[in-house]
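Multiple structures are listed underneath, in structure tokens.
There are two complexes below, and they share chain A, which is joined by chain B in the first and by chain C in the second.
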Partner chain A sequence: MRVSRATRLSLRLVALGYLFVLLAVPIGVILWRSFSPGLSEFIASVSTPAARSAINLSLLIVVIVVPLNVVFGIATALALVRGRFRGRGLLQAVVDLPFAVSPIVVGVALIMLWGAGGWFGALDQAGLKVIFGLPGMVIATIFVTLPFVVREVEPVLHEIGQEQEQAASTLGANRWQTFWRITLPAIRWGLTYGVVLTVARALGEFGAVIMVSSGFPGVSQTLTLLVHSRYIDDHNTYGAYAAATLLMGIALVVLLLMTLLDRKRSDR
Partner chain B sequence: MITVTSARKNYGSFAALDDVSLDIPSGSLTALLGPSGSGKSTLLRSIAGLEGLDSGTVTIQGRDVTNEPPQRRGIGFVFQHYAAFKHMTVRDNVAFGLTIRKRPKAETDKKVDELLEIVGLEGFRHRYPAQLSGGQRQRMALARALAVDPQVLLLDEPFGALDAKVRTDLRQWLRRLHDEVHVTTVLVTHDQEEALDVADRIAVLNKGQIEQVGDPVTLYERPANDFVMGFLGSVARLGGQLVRPHDIALERDRTTALANDAKVPDSPGVIDAVVERVVPLGFEVRVDLRADSGERFAAQITRRDAAELQLREGETIHARAIGRSSVVDVDPALAI
Partner chain C sequence: MTAETDQQRRGAADAAPLSPRPGSDGAGATDAAELTRRDGTRPEDDRPVGHDGHPGHGSPEPRRRRLPRIGVAQPLGIGVVTLWLSVIVLLPLAALTAASFGEGLSGLWDAVTAPSAIAALWVTVLVSAIVAVVNAVLGTLVAWVLVRDEFPGKRVVNALIDLPFALPTIVASIVLLSLYGPNSPIGLQLNATRWGLVVALLFVTLPFVVRSVQPVLIEADREVEEAAASLGASNWTTFRRIVLPTLAPAILGGTGLAFARAIGEYGSVVLIGGDIPRETQVASQYIQQQIEIDRPLNAAAVSVALLAIAFLTLLLLRVLSSRTQRREERDV
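Let's turn to the complex of A and B:
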């Protein structure tokens, strides 16, 4: 099919315009608003006690969630690929549940389960604060990031099969040695990719976390909650822009890392 | 010596091993030969411990290993698709078993060097498996299996994934290696030519059972039944008996044919057949024939005999079996 020059140009213009208006303009506005008062203003705004605490909390959640997701993600992927047990189909479906359920629903469900009047409410009365505490935010983040490691590792496990592991066992390796020396190195790219996705999502999670956090500035605010509260509650528009820019910056680093890893992976 | 006693293994209702007992003498190179689904791979993997038996026992050098995991059986195993450790260099692949055993580095390096020389991969130490050809990968896998000084070496269709030329080369090479190293070796194959070529003993399996065990010559010349005969080498069906195509003589004169046939005891008699096709196969000539009964068979005769007979397609000739040694009566239950 021959397309006239005019049609081709206008098609291109529409596509670029669409991307520009929906992606570039909002990001550009935030960047411009963040840095137009000067770099020192920006640094001051993202280094207030509340902002520092928010950065620390966000990173703390990432640091707790990632190892848990790695361990359980690998175990689940191994069970799904290698296991022959009843309920495997069910597990397959359950793993994808966080993709299907809106994060806000997750938050509500967690409150009903762990909150003062919930099934596990006794814990709350015993003094272990799950809801409106760090454990609640961690559980909410785990819920929404659960599928990433599983879904990235699973196809790799399928692809490598079991022969290398069997070969290792005939050469004298026990299960543990086989896992560390053969299985883990073989799935490392899938695992890394799953971790990067988990980090990005854990940093950016808002809906589930806002439901289970007490939201006190300097205590229980993650970066996303800080952006929200500065804008909505404090009418501190500039502070919101600055925090959003910082969040974006961290996410950008993660994205960059992901792209680099992806390139390295496709090289192999 | 490997002894398998009354081994049984079922996958659902399918019996992969149906009461198999087999002795494999020390130092031998034994081939487990059979069609796919005959249980030969299951038997090998049971000896290795990669497959558990439903019942029966496996002993290796007098030690009952039935309930031992693969890593405590003193075996080396070579897989059809190499099972190379893709993220390790050739050196690290071969050294794997020694690294696991925490041998000193100097000893490991010496052993790896020796083995790489034996398998002809000295220059490939720092390569990764992806940079090797199929034949090289399989030789690396062999070196890796031999590095731990296994009591028995088990090979599961080791040349199955290679092309024809490389396969024959590696086969010869394995035979020479076995003559040097003398490790008890068991090789699974579905290729009768491969079994006859490398093995000094062959066990023929069919439907989860062992049909016959013996040296290649015995199996070829005195097959226990028509399955073994049909599986080792080609066969022709002549008057209700199975005969090797090269044990069929063709004669122009019916009287001579009858006189010659009378000297062979229990022969299938003289069969009149129409020549359908004459195919020169280098040294020999294959003659495709159709008996009066409508049954088709092929005879393999020398080029000189063919020249003397001057066979033309469409004419009738008289076929008879030479000698009784390779003749087996057809079991009506097992039509081939």
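Let's turn to the complex of A and C:
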């Protein structure tokens, strides 16, 4: 299609104008609002006791969720790629399920299962508080991040096939040696990409976590809940902007990592 | 299959580890790859049949013993994985569904058709449909400009497209409020209006259509377009008759995903939406409110309705895409 210069310029104008209004301007405005009172003000706002504990809680959730997702994600991907068993197609569908479920629905479903009146309500009565406690927030985060590692590792496993692993095992390597020396190095970039996506989503999850958290400042507030409560409950608009800018900084680092890793992945 | 060839192939399997990259070259390595497939441990192998043209029937039983399965693809591993997925994903959803039927089918029906629930579902579907249509048009346009146009800073713009996926949804909400909210610097107040919902959802669903159309547009055969142009077709005709049919499945796929995402969105609309019942309250906000006022049955029922809409959308997409795929195969 040979487009005249005028058409091309006007199409470019519309596309860039749309992105400018939708993405660039709002982000510019929030950066300006966060930093115009000065950097010291910004730092003070994101290092109040409540903010510190929110950062710690968010990081704690990430530290718990990532290893679990890595271990079970690789196991699931291996089972899906290498396994021959009934119900494999069903398992595939279940892995994709979290993408189709609204975060709020995740929260309600977890309440129906782990809450005081739910199927596992006995745990709650026995004193193990899942809902409105840390375990609930961790489980909610695992639910929404479950597909990432599986879906990034699976295609790599397909691609590398099994020849090298079989070679290793015929040379006398046991399963662990084969896994550590052959499989893991082969899937490392796909796995890293999956972990980056998991970290980003775990730090940013809001809907599912707010449903299962008691939301007390300084106790059970993650960084995203802090943004929400500062804006809604405290009417501390500047504090909300500052905390959101902090989260946005993390998101930008993630985006940078994603772009770099994507190049590395496709180099393979 | 003679015993002799069987012997040879066993020999090949043992020889394979010696070559630096099994399966890449060499007769023994190729044969080893063949073996793997006969063994049935590789799900899909599109390699051509080996050079010696073995017919596709091996004797898989002894090989399964010779080449042990690796990693967790064994009954125990599969059991653990199934248990994990069940506890994390399936059991909660099962408990949710059971809870929605707590007062029988009529209870579920009453909860979903309660006026405020219906209103929330209607607002959700209406706004998501608008967002899907805008995405289909402008997402395709953005993809076209990013592929076919050249301008300084294109790579930065391209990287920026992914930002809404990386950004936490509550941050998206705050970001949009800082521009379109109370004391907006441009005097445009969208807070607590349906337009506010639309803008928030457009923000979070931006990458879907762009990222699904882009690769198709890169791969698209431009010679056909040029042929059409040289035969006297106007740009518009070329676009309508050549480009659009090629892109249609990708546009549809991206639009469907954007719609499914918009249906369940919560974080990005919670601040800018205003949560006004029958006006800007979306289904996810209604569910959250019902939990807060301790009406778990209502919350579960509308959750199930929301799930049903999302699944129907994704099912429809799958059916449509497999149909176009079949049509393409037939045309080839």
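To be clear about the criterion, the second predicted complex is superposed on the first by the 264 of 268 C-alpha atoms of A that agree within 3 Å, B and C clash if a C-alpha of one lies under 4 Å from a C-alpha of the other, contacts with A are read in each partner's own complex, and residues count from 1 in each chain.
Definition applied: a residue touches a chain if its C-beta (ideal position, glycine included) is under 8 Å from a C-beta of that chain, and two chains touch if they have at least 3 such contacts.
Note that the coordinates shown come from a computational prediction; the quantities given were computed from them, not determined experimentally.
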Have a look at where A:L247 lands relative to chain B and chain C in the superposition and call it first, second, both or neither.
second
In the overlaid three-chain picture, which partner chain does A:L91 touch, first (chain B) or second (chain C), both, or neither?
second
Any idea whether chain B or chain C touches more of chain A?
C
I'd like to know which partner A:P185 touches here: chain B for first, chain C for second, both or neither.
first
So, does A:E163 touch the first partner chain B, the second partner chain C, both, or neither?
both
Given the touch rule stated above, what does A:A116 touch, chain B (first), chain C (second), both, or neither?
neither
Taking the superposition as given, does A:L171 touch the first partner, chain B, the second, chain C, both, or neither?
both
Does any part of chain A touch chain B in one structure and chain C in the other, and if so which residues?
163-164, 166-171
Under the definition above, what is the set of chain C residues touching chain A in their complex?
13-14, 16-17, 21-23, 29, 32-33, 36, 40-45, 67-73, 77-78, 80-82, 84-85, 88-93, 95-96, 98-99, 138, 141-142, 144-146, 148-149, 151, 157, 159-164, 166-171, 174-180, 185, 199, 202-203, 206, 222, 225-226, 229, 235, 238-239, 242-243, 260, 263-267, 270-271, 283-285, 287-288, 291, 296, 299-300, 303, 306-307, 310-311, 314
Could you pull out which chain B residues touch chain A in their complex?
48-50, 69-71, 73, 75-77, 79, 81, 83-87, 96-97, 100-101, 141, 144-145, 147-148
Of all residues in chain A, those that touch chain B in their complex:
160, 163-164, 166-174, 177, 181-182, 185-186
Counting only contacts in the complex, chain A reaches chain C at residues 1-4, 7-8, 11-12, 14-16, 18-19, 22-27, 29-30, 33, 72, 75-76, 78-79, 81-85, 87, 91, 94-95, 97-98, 100-114, 117-119, 139, 142-143, 146, 158, 161-171, 175, 178-179, 183, 200, 203-207, 210-211, 224, 227-228, 231-232, 240-241, 244, 247-248, 251-252, 254-255, 258-259
